[in-house]
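First chain A sits with chain B, and in the next complex the same chain sits with chain C.
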Partner chain A sequence: MHKLKLLLAGTAAALALSGPAAHAERGTDGDLKILFWQAVSTMNPYLSGGTKEVLASSIVIEPLARTDEKGELVPWLVTEIPTLENGGVAKDLLSMTWKLKPDVKWSDGTDFTAEDVIFTWKYCTAPDGGCAQAAQYEGVKNVEAIDPHTVKITFEEPKPYPYSAFVGPQSPIIQAAQFKDCVGAKAPGCTAANFGPIGTGSFVVKDFKPNDVITFAANPNYRDAAKPAFASITLKGGGDAASAARAVLETGEYDYAWNAQVEPEVLQTMMAAGKGRLEISFGTQTERINLNWTNPDPALGDKRSTTEAGPHPALKDPAVRRALSLAIDRDIIVEAGYGQSGKPTCNIVPAPEAVASTKNDSWCLKQDIEGANKLLDDAGWVKGGDGIRAKDGVKLSFLYSTSTNSVRQATQELVKAMWAEIGVDAELRNASASVFFGGDPASPDTFQKFYADVLMYTNNFDGTDPEKYLAEWLCDKMPGPKNGWQGQNIPRYCNPAYDKLVGELSKTADLEKRAELSKQLNDMLTEEGAHIPLVHRGDQSSFAVTLEGVRMNSWDSQVWNIADWSRKK
Partner chain B sequence: MTDATMTTAPPAVASTPTRSALSDMWHQFRAHKGGVAGLVVFTFIVLAVYVGPLIHTVAPNKLDIRAKNQWPSLAHPFGTDNLGKDMLAQVLAGGRISLAVGITAMLLALFLGTLVGVLSGYFRRLDGPLMRLTDLFLALPLLPLLLVIILLFRDSLRAAFGPETGIFILIVFVIGITSWMHTARIVRGDVLAVKSQEFVLAAKSSGMMEYRIVLRHILPNVLSSIMVSATLGIASAIITESSLSFLGLGFPSDFPTWGRLLFDGANFMTLTPSRVLWPGLAISLTVLSVNYMGDAIRDALDPRAVKR
Partner chain C sequence: MFTYTLRRLFFAIPTLLIISFVIFALLDLAPNDPTGDLPLTIPPEVREQIRASLGLDQPFFIRYLAWLNQFFVNEPLNILESLTGWQFGDGERMRVLSWATRSPVVDLIVQRLPQTLWVVGLAYVFGILIAIPIGVISAYKQYSIFDQIGTFVSMVGYSVPTFFTGVLLIVIFSSYLQWFPSVYDTNLRVTDFATFVAQIKQMALPVAVLALYNASQIARFVRASMLDNLHQDYVRTARAKGVKEKVVLLVHVLRNSLIPVVTVIALGVPTVFSGAIITEQVFRVNGLGQLLITAVQGADIPLIQTLTFIFAVLIVLFNLIADVLYGLLDPRIRYD
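For the complex of A and B:
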């Protein structure tokens, strides 16, 4: 019987990637202990865009397709990835067809059908729903069922890269039967469903304590009878990055702790205990210093840091922007704060390889104090008695803001010391991450407000296609009072030529041409100094040495293949 | 009567003609061994942070990434941090700021607390409103209040006084106005007890002005409790400052204070223990020595103790 089940399970694509066959029995490896140093507040990723919620929910609910650790799409709840070649994507790029796997069941035993997929789209696009992942469904005109296991998506206009809706941990399929009364404004009120969604994943929620502990049990109806190897999961939230890493690497109390953003030497001392290991994967995260193109002078009141405030008195000079980048020694920043989990970069799109530009590496990756000094001398910025350069009464003295995090504060100090060598002064400021990234329009300390001259943080894009990400630097994406400080064009960069090129990218279907355009856009941002890219950051998590089957993935959820995880015997 | 300002002691002191009030207090103070030890340690810390940088001339903010995470050596007696900054220089520089913040904020809180306490204890009509105000302040959630004050006034003060002085004024002010309430309550209670005593009645009946009664008779008698809350105030001000720095609302991050050094060093405890040892020791010793000194000063100022 077992053998038969195993054979059946073999049809699942996931098995091809599975761990040793010796463990191929469900629930034999006991409890998996996970530690998130930011606690999980809901299991419904459509109601919270936070990474921790997306990660935790991906244990239970799954998308149609995922991206593996190499950045390639893998079919998950479907039989194959629709492409132009196999006819899954229409020639006119206006529609695509997904073929669902026939044997998938929800954890309550009911069948997984096209109706659930359609419902998910309706759920997230319902008016007043406040769906956090609405961007995933942008441009989708209609989702319909051709038969119970075939879904057709129609787009409003040709979509050269259609793998956004129902792909990746941000847009998993939820069960229509469970959420049918939770559409629109009623969505946040459905506590039972939001805290314990019924899924197709390898585990089901057993108990959910918001902002504290979640316990999961193996899904009895999971499509692969031999998986998952663990019988249950305990996911504990809270603490800080260092203590989370310590609980895995040094004391061995937990099996997996997410995001070990701690100084490399501290991690080294923790690993000396031999209880855990670090896994690093590189996605698209870039730590960058945004330069404010508008004037953030507090005297301007509500107009500060908007286009009405006029250009920045010092940073409007391209020579200053270039010199600030030249003065930075990225290798030292990586060594001090990131170690193995960072690489110096000059690109805002550092990966995947096909779209990563190397054009500016020659001048930008190497520190050049002399060149920077010369550039500023030639531009007429003269050193005063205090060693700080000035021109026409404008001093090169910048307010340098970021979020509170020991690695960021160390980077701030290093950059400040480097800038001091070219006669540029920096005043350091940091705001608690929950405020800085909180997006509260009333707070002056959010990164969108940018009430500072330069601002440092990390951002990335989901999946492997940078089109949406590069569109963030369009003129009309500037945050400001008119749009409630939404919008991701943090530097307030505005260049009609850039906007035009983005428009061209959105109409191009040919992958090579797309990569070419993406590189051009990326280079434009670096060359013009919208920001100073510093470090290509990897995701770094700690795992117990006894944990097997982990395939650290930056393109998808880190627990994307949790069904394959097992305990070394 | 040229030394009139010095002899603000209660009448009891005047009855011992052989010694001046000041030397009498010193005598009392010396009898308290812990107080003397506290005085020695505190003087040493103050001297160290102000004179130390003249001897140990490394700049506290000098980065030397090649010499990071070093254990104590001759060049770096306290070792270095993860950016290669000299820990001794940092602890000394941090001490100057922490002590200045602690003492100034304490003085402000003491002044406010004593004022409110004496007024509400001595004048019946003011008692109700002032004590309700004290209750109001006690009921306010302090941290959110601090955050709001800092957010509102940070930019204007920064523009007026520059980033460092501006933040210093703001932090001292913020800590001062949020920590006077306990002093006010204690002082009020003491004033209520003292003002019903005969010598105050005698002063009143002799036609003394109210403000002179308060200054000459009431204040000296409640000084002991003021002193105790003063010593506790320094400690809590140093600790409040470090929690503000931790939230990113205190001084800029490259501005060392003891609290910040301790916080930053916590992750590196196993790698370079001196990073937490010295700032932690400095905070503990300061707080402890100031507490002992306060204890001894209270004994020395207590009129009843002098009589014995």
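For the complex of A and C:
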């Protein structure tokens, strides 16, 4: 069923792309003014994995296929999405074949061919290149041209979900002719190419001022003669989220401001000016509280927060983990910090709908202080004179850490108050985001070190398939001194049954079965209390009321269909 | 005086080397990472490769020596090449590359310098022009209403931070009155009268914010210095001789009072180059201050290192200029 939908959506989108255009002419709507509060540093997403660079470059360079706002794959520079049914994906799952559209041209007028696709793979996998998107090409053994418009990808081992290389804004095709002398260690030296890549997209870079402003002009060789409606784009960067939202919603100086990460009530007052609107879309971002399954006691020295330190004295009790989740009122957290751009959730894989579980919603989504108190009473945690529960000399008093961000600090306060109601105390701490997420093995404040009892942040996965993401909770992915504190299993959760199920998922090709397995894995993490999922976070951006054709998308770049954007007359 | 200047310049070399080492060591010890801003979807192995491609897998001293070589040998040679058209070696030299943009740091600085000099420099000039008359009148009519108001305004201007005055001006003049833009358009080219007006308009708010701040500071200095001189014996002598009050004030007192003020102004010039980090950020002026703060946020070590070091050079240089100026202006000061 899912496959059929995918196919239908693909065909529909292809029709929409080739169908009669709503706008008669290219470049009739003037200048589109975009504001990014984080300025763009380069136009080459392979040299900088930052979201802002990926977004800005997606205006110019394009992947073979994209994901639309409903989470369905859409053929972009190809005629169709390869599947098992149409023979595009081999039965042994070891290879797939993409058929390129024959009439696509680069903005310099030359033909877009299979050689460019092959080159892109070689560029990102070249040694010493430090390609930021190397993970997209993981498991790819070879990319070859069957003919100038057919590309065959061979995988090292069967790949049940092969839509990663050349799919999505993280792995767009770059022009072989332009980048041929920029492979490997020579990549950073090609400043002109990195700042102005030649693309197949609806716009071309005219002027690039790093960390400041980019000027684009409509691509004269774009495959749809009637698009884009705008003649040019000015993309300004810098400042902060609130003033960027103000420039669209209140002063109307800009048409589109990316990522309006601002408190809901502030946005409400700006909206009163009537110059703009907010668009929200939901991807896979989940704000969660990770529970430390190992002992973070400072007295343990180097061993703290590793398996050698032994289990966490309080959090090893499943009753405590469950009670901490029950005590939280997710609705209040959403209302205070996220508004319409957040939904309460109990899943670590909250979307797409096909893989989002509802199994734990019944007990987990509603706050239950009484139930939580009873759970702790029954488990033998008794309140002391200070109102804090303890058992065998272990107090339910936790160090609660997160990154510095006003919404996170407000959430910390709320959760602390909720936990106080069940006799759990929390000491709040926050570290600057560049340190917290920086991963410096010498710093004690990184989220990988987890020198705290509970830890709050957001994570997500690219695209719509959660396999790689769910593999983050494997036993051998724990950060520790042995792997230089690298590893994504932050809670140090370890369950052989979970590992086995992930192994099964990596061998399953049937989409419905994959969804079933993903749900099981997701439920396991929530039920066992590897973490407490809090909020399913959406992407929120502000747009001028006069801007039409926007289809806000969390699965791909927000500007994925910028060729269709136009100004209301 | 000349040998003194030479001696000072000579001593500046070890000072600057030590400064560059301290900056490098501090940045190395700081717990930040160039891959810290990347989405968590980028796995640790890839981050490790990115770090290696930036040269972070090299030991500390090798990286420091590489920077010294790039900054003191390669960059000057490049500048010389582009100025003279001569070719040294094969022209393939490792330049100081920014980690975020992967482009030469010097090019970034050259691109940013004009905006900073225009906005921050102009604010400095305006600040001085406003400050001197206010300081003079305040001192001459000490404790008058003008002095009280002047003191109050300078205290406010000095103590209210620019991130507050900047946003306040945006709310009043951009959001409410809609007279001036709140975002600086760095693509604007002044070609005719209309674009000239647009340029003035977009510079008005940031220049006003910074001029207020600079003027407050300098006005206090002028006032204090004038008060010192007004009570000197030579002023009484001049008045007793029957010199006109205007001449006493503007020729005798003002000239003497400006000696310390000139040094203060000279010492403040490096801050013009380092930009106004906060004001540039608030108005999105793409100057050096904004460049520095984005570099700090993104842990772009080569860019921070180079910018901070250039500021250090300017500070050392203008300290020397201030000392020399002092000697030139005040005949009582002799260095030799």
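One rule holds for everything that comes next: the second predicted complex is superposed on the first by the 546 of 569 C-alpha atoms of A that agree within 3 Å, B and C clash if a C-alpha of one lies under 4 Å from a C-alpha of the other, contacts with A are read in each partner's own complex, and residues count from 1 in each chain.
As a convention for this text, a residue touches a chain if its C-beta (ideal position, glycine included) is under 8 Å from a C-beta of that chain, and two chains touch if they have at least 3 such contacts.
Treat the numbers as computed from the prediction; the structure is a model and nothing was measured.
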item	value
Room on chain A for both chain B and chain C (clash or fit)	fit
First, second, both or neither for A:Glu263, with chain B first and chain C second	first
Once both complexes are placed on the shared chain, angle at chain A toward chain B and chain C, C-alpha, multiple of 10 degrees	40
First, second, both or neither for A:Pro298, with chain B first and chain C second	first
Which superposed partner A:Phe195 touches (first chain B, second chain C, both, neither)	second
Superposition-derived comparison: chain B or chain C, residues of chain A touched	C
First, second, both or neither for A:Arg429, with chain B first and chain C second	first
Partner chain(s) touched by A:Glu413 [first = chain B, second = chain C, both, neither]	first
Which superposed partner A:Ala497 touches (first chain B, second chain C, both, neither)	neither
Contacts of A:Asp445 with chain B and chain C, given as first, second, both or neither	both
After fitting on chain A: smallest Cα gap, chain B-chain C, Å	6
Touching both chain B and chain C, residues of chain A	432, 443, 445
Chain A to chain B touching residues, read off their complex	242, 262-263, 265-266, 269, 298-299, 332, 335-336, 403-404, 406, 409-410, 412-414, 416-417, 427-432, 443-445, 451
Chain A to chain C touching residues, read off their complex	35, 39, 41-42, 44, 47-51, 128-135, 185, 187-188, 191, 194-195, 207, 209-213, 215, 234, 236-240, 243, 246-247, 250-251, 253-254, 432-440, 442-443, 445-446, 459-462, 483-484, 486-488
Parts of chain B lying in touch with chain A, wherever the complex brings them together	61, 63, 65, 68-69, 82-83, 151, 155-156, 158-159, 163, 246-249, 252-254, 264, 266-268, 270-271
Of all residues in chain C, those that touch chain A in their complex	31-33, 35-54, 97-98, 100-104, 107-108, 111, 167, 170, 174-175, 178, 181-183, 185-187, 281-282, 284, 286, 290-291, 294, 297-299
